[in-house]
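The next part holds the structures, each set out as structure tokens.
The two complexes that follow have chain A in common; it is paired with chain B in the first and with chain C in the second.
Presenting the complex of A and B:
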């Protein structure tokens, strides 16, 4: 068990270092940092002095180590475009993205898991076929098309909900939250739904296929033969054993939600990290791109690690294999 | 006795049939296909949309890239059946007076071209690396799989966006428009190769220890030949499934990048670009500019997904 965890941790650290190296290469070798920082008329000697001061003449490994140190101490440097500290830019936008991702994940689970169980328990009902047909559309329609559809229907035709921005927010320290006012929720609902649909279809399909798989196992046939009532068979025996893969998917989906937040934020002009990243790509704002890369990589690695550990806790079979 | 013999031989023969032999008219795959309405609908839609895009220059009423062919006076006309629509423009016109139907046909052409090329690139790169990793093993295997690990830490859309952003930074700005399509193919291809590499490696590891591979080794065939003409045909089934499913993903990625405004330049509008232009007009009531390209895109992806689902179920005996 310990050695399994240690191996997993080593792999996470390796992936993190590789992502950091990528971000460093991006920052250091795509375009000239000094040329980006100074105006055209700055003398060559001044540019050289700046280069020396910033340590850009040091060997690459030394610079990389310094880069790692900066990242670890959350010293992210300045944006080429806005000249603001990147740490502040990201911190001010982080709550918007996290709240959006969190609410859409909740939506996808609250609908996806029960619907997945339903379609697995009643595979031949018309409602199951209808649900499955809808998920095909959900997988085939890109996030932005769903967003535009929702905007057209609820924002333009019916006029019920706002179609862009965060609306009214409540400030708690530095955290600006949408979750405490009606107006905030009204602004949040369309983007969260847009972002949640794809994850919802994935959750639903996964729960369904895992559940169907478990229903075919011998111990379930035995449970049926023992004459247990269907509720106990479905929920106590079958569903419990589909939980482990569902936990993985939820974990991995959190990453997907953050990634696709880029698209959703663009459709709804939601002022989160995704929009910041998109702007940095449009204007080739390399420092912002590389910090975003490091942060997202870190988040992903962390979530994957937590998921793997949860797996060990939830599923005794894996624990036994690791110890045996 | 003789009858038993031939039956035995028949069974043995069926087991060794390669994927390509299984595709014929009287094959199992055709049998399953003809009994699966979703698969047939998917195939029909795929053929229709591929045909329409391939022959766009002959099918489309006008050439949307020809500046002389459209007139600003025709701009923002609704579809032919709506009030104020004209029969000349079946699906209406956009802000510059372009016929939407033609724009969609030409746009889908670019979407299919980029999606197809990038998935071909991803498949060739991924399968080659995966096969080599499984067959050669050792440090090569380690390096390839660790790279795959790193890439799995980032979702495909972010990888594609990053590569796109780097290309913008590295390439001189005057050649951007000309190079955007190859850059997109590279970005999408590089963000999807891992699926192929992992699958090819896992399947090839199973095949590597089988008798026919050892026989080929004893015959002294070179490694590349064993990989290409012995192992590859035997793992082609699952690769074909991922190819189909990832084609849908690639088309969606391209549409998303173009929608975000980092994809193809505006004068070569793909479906995603058309939708982006259309969103500006939703609020003023010109819904058709965004709706029709979206419908075309979703239908195309549904068609590919239906085919992919069918292939996955048909080629995997466990699921049947």
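Presenting the complex of A and C:
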């Protein structure tokens, strides 16, 4: 088991190195950082001095190693645009994005998994067709259309929910949270729903097709032939066997939700990392962009590592292979 | 009153072509402690009868009429809910493949206890004790320790025992066993059949045993019924039906079963299933002439076509980017010899390395050690044989599964003519087409098969196409890897007769690989026995079957279901003709 995890860890490090190389390439190929930082009046000598100070004259491998070192020690440097430490900027934005992603994932699981099981167990009922059709619409419409639709309905027409921003937040240390006030939840619900619709549909359809697949297996037929309770057949035997692929996709989705929160955050003016990233692109704030890239890559890798560990918990065969 | 009483049962399936009767007027009466065999070829409706009794007909299936009574209680009118209450409680089922019929994520104990708790009012602790005693009863050694294991930690035979224990959890009155030993090796098959017999007698359980294997029927059933196309052909006591079948179909079905006791020149065939000859014999004749006219056929090559020495093959299994893989030694230091025109039967249980030898001979698997001489000329045992080496053409292979050995996206004409084109055996397209149709005629296929796709043919026809493809290369040696084990007995008889004919006419050498000792006896001049990658015995076939020298060979022969109850095939064949 240790060797399996060590192997996965080594793979993760490879992936992180590749992501870091991409992020580093941003510096080298997207414009001249010094030209971004200084005004037109700055003397050439001053620009040269700045270049030397920032280490931009060193050979590329040296710069890359320094970049790796900085990233590994969470020394993210300063934004070109705001001159603030990037670490602080990210930290102030991170909770908003994580809460948004987490709540939308929960929504998608709470609705998607039971609905998937239902449509698999009763494939011929009208309700199943209705669920499948509705969610097909959900997956076909682009995120921003859904977001704007929800704003129009609940924010503008009905006036029930706020249309932008985080609303009231509670501060726990450096973490600003929406989850402890009613107003916070009111602000959170629309963006979380918008972000969750796509994941919901994907989860539902995946659970459904995996369940249908498992229902065709001999061991399920044998469970039916032994006259077990239908509840045990559906959940203990069928659903448990669909978990491995579902966990994989949900894990990937969580990474995806964080990465694709950009669109939702911009529709709802949600002050998270996605919005920060959009602003950075607008002002060619390369350090922020590359740190964002590295962090998102890191989150993906982390989630996948968790998924691998969950595999071991779920499937004894994988456990056996890991031990053998 | 009989435990199970089926009368005039009819089952239909809704298909694209309208309603089709899968079972038509079947009847059966089964007592407690009796084992009834339900036998027939694929598509006869055997499994449908079993599914109908359990109320688990697959989608589109429907009971059209008749009655199924269990202990006098009518099942046909039951609601789905009541039927489900009956499943497990009164009727249990044993499935064919123990590899797939256990839930991989739950331990054996969890699955047993769950089933016991569903059907009894025992406490959880008592259910555990019960589960343990069941495992001991079905012969799991060291049951107390193994009960916490997962299914993947058991071998195939042990898993089938676990499946049987699961089927017994609720103390059912009736067990339906659908091909319970087909996926098992002979030695394990014998044990599992003996277990079923013992449990039926001891517990007074009625068993409906569904199988295509006459040997299994002869081994343990008390009574038998023969099904064909959903209709009951003949029923009665096993000894009587197998020994003196009255219906022509059961006579010819039994006659086409290969016997381990004696060798026959040709397999008697089902009267109406033989390859069509006559009008097409001119084509077949031309094909035969083409095969005989092979360049160099005049200067007869004598002696050993194959001389293999010290073959060892191992592969790495498992392993990944960061994990150590294990080395599996599949074949260890095996030597084989094969003369021109001779058939060598290579037998052994699954995993003994038979197929690996075949693959090494044709250069698909790389061998770690060994020397191969082909007509006295050294031949590399690697994937890197030159494409134009004559051995590439002269050694041809026929595979076990005719459903996956033909390219489904090619027409049959293209499949059969590929060797002609690749090896440059014909001058032009017209000649290629002519040879292709004559090869198909030679294996008893119509020339219009050329324009069809493989999926339009049955398993037996596909295997003929595969043989035609091998013949088109003008082979000197055919390697047949379980060529008939996916086929019904009547089709098997046709294919084996065809192979014999081809060998007689063209002097082919055949390496015949099979786990089926009776079939090998019919086909081989010499026999070689493999066990765990080692060649344990080799010798003339007649001597081998009369007095095997090695313990393992003796065990294999002893475990092969005996058919000595059956009538003599020659007599049966004579009856069929008459």
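Just so it is clear, the second predicted complex is superposed on the first by the 314 of 324 C-alpha atoms of A that agree within 3 Å, B and C clash if a C-alpha of one lies under 4 Å from a C-alpha of the other, contacts with A are read in each partner's own complex, and residues count from 1 in each chain.
Here is the rule we go by: a contact is a pair of C-beta atoms (placed from the backbone, for glycine too) under 8 Å apart; a residue touches a chain by one contact, two chains touch by 3 or more.
Since we're looking at a predicted model, the values are computed, not measured.
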Per-residue contact with chain A, leading partner among chain C and chain B: B
Which superposed partner A:167 touches (first chain B, second chain C, both, neither): neither
First, second, both or neither for A:232, with chain B first and chain C second: second
Partner chain(s) touched by A:297 [first = chain B, second = chain C, both, neither]: first
First (chain B), second (chain C), both or neither touched by A:87: neither
Contacts of A:144 with chain B and chain C, given as first, second, both or neither: first
First, second, both or neither for A:10, with chain B first and chain C second: second
Which superposed partner A:262 touches (first chain B, second chain C, both, neither): first
Set intersection of chain A contacts, chain C complex versus chain B complex: 11
Parts of chain A lying in touch with chain B, wherever the complex brings them together: 11, 14-15, 18-19, 22, 26, 30-31, 136-137, 139-145, 148-149, 151-152, 156, 163, 255-256, 259-260, 262-263, 266-267, 277-278, 280-282, 284, 286, 289, 293, 296-297, 300-301, 304
Chain C contact footprint on chain A (complex, rising order): 3-4, 6-7, 10-11, 217-219, 221-230, 232, 236-237, 240-241, 314-317, 320-321, 324
Chain A-touching residues of chain C, taken from the complex the two chains share: 54, 56, 84-89, 92-93, 95-97, 100-107, 114-115, 118-119, 150, 152-153, 163, 166-167, 169-170, 318, 320-323
Touch list for chain B against partner chain A, complex: 146, 149-150, 153-155, 157-158, 161-162, 164-166, 168-170, 248, 252, 255-256, 259-262, 275, 278-279, 282-283, 285, 287, 290-291, 294, 297-298, 301-302, 305-306, 309
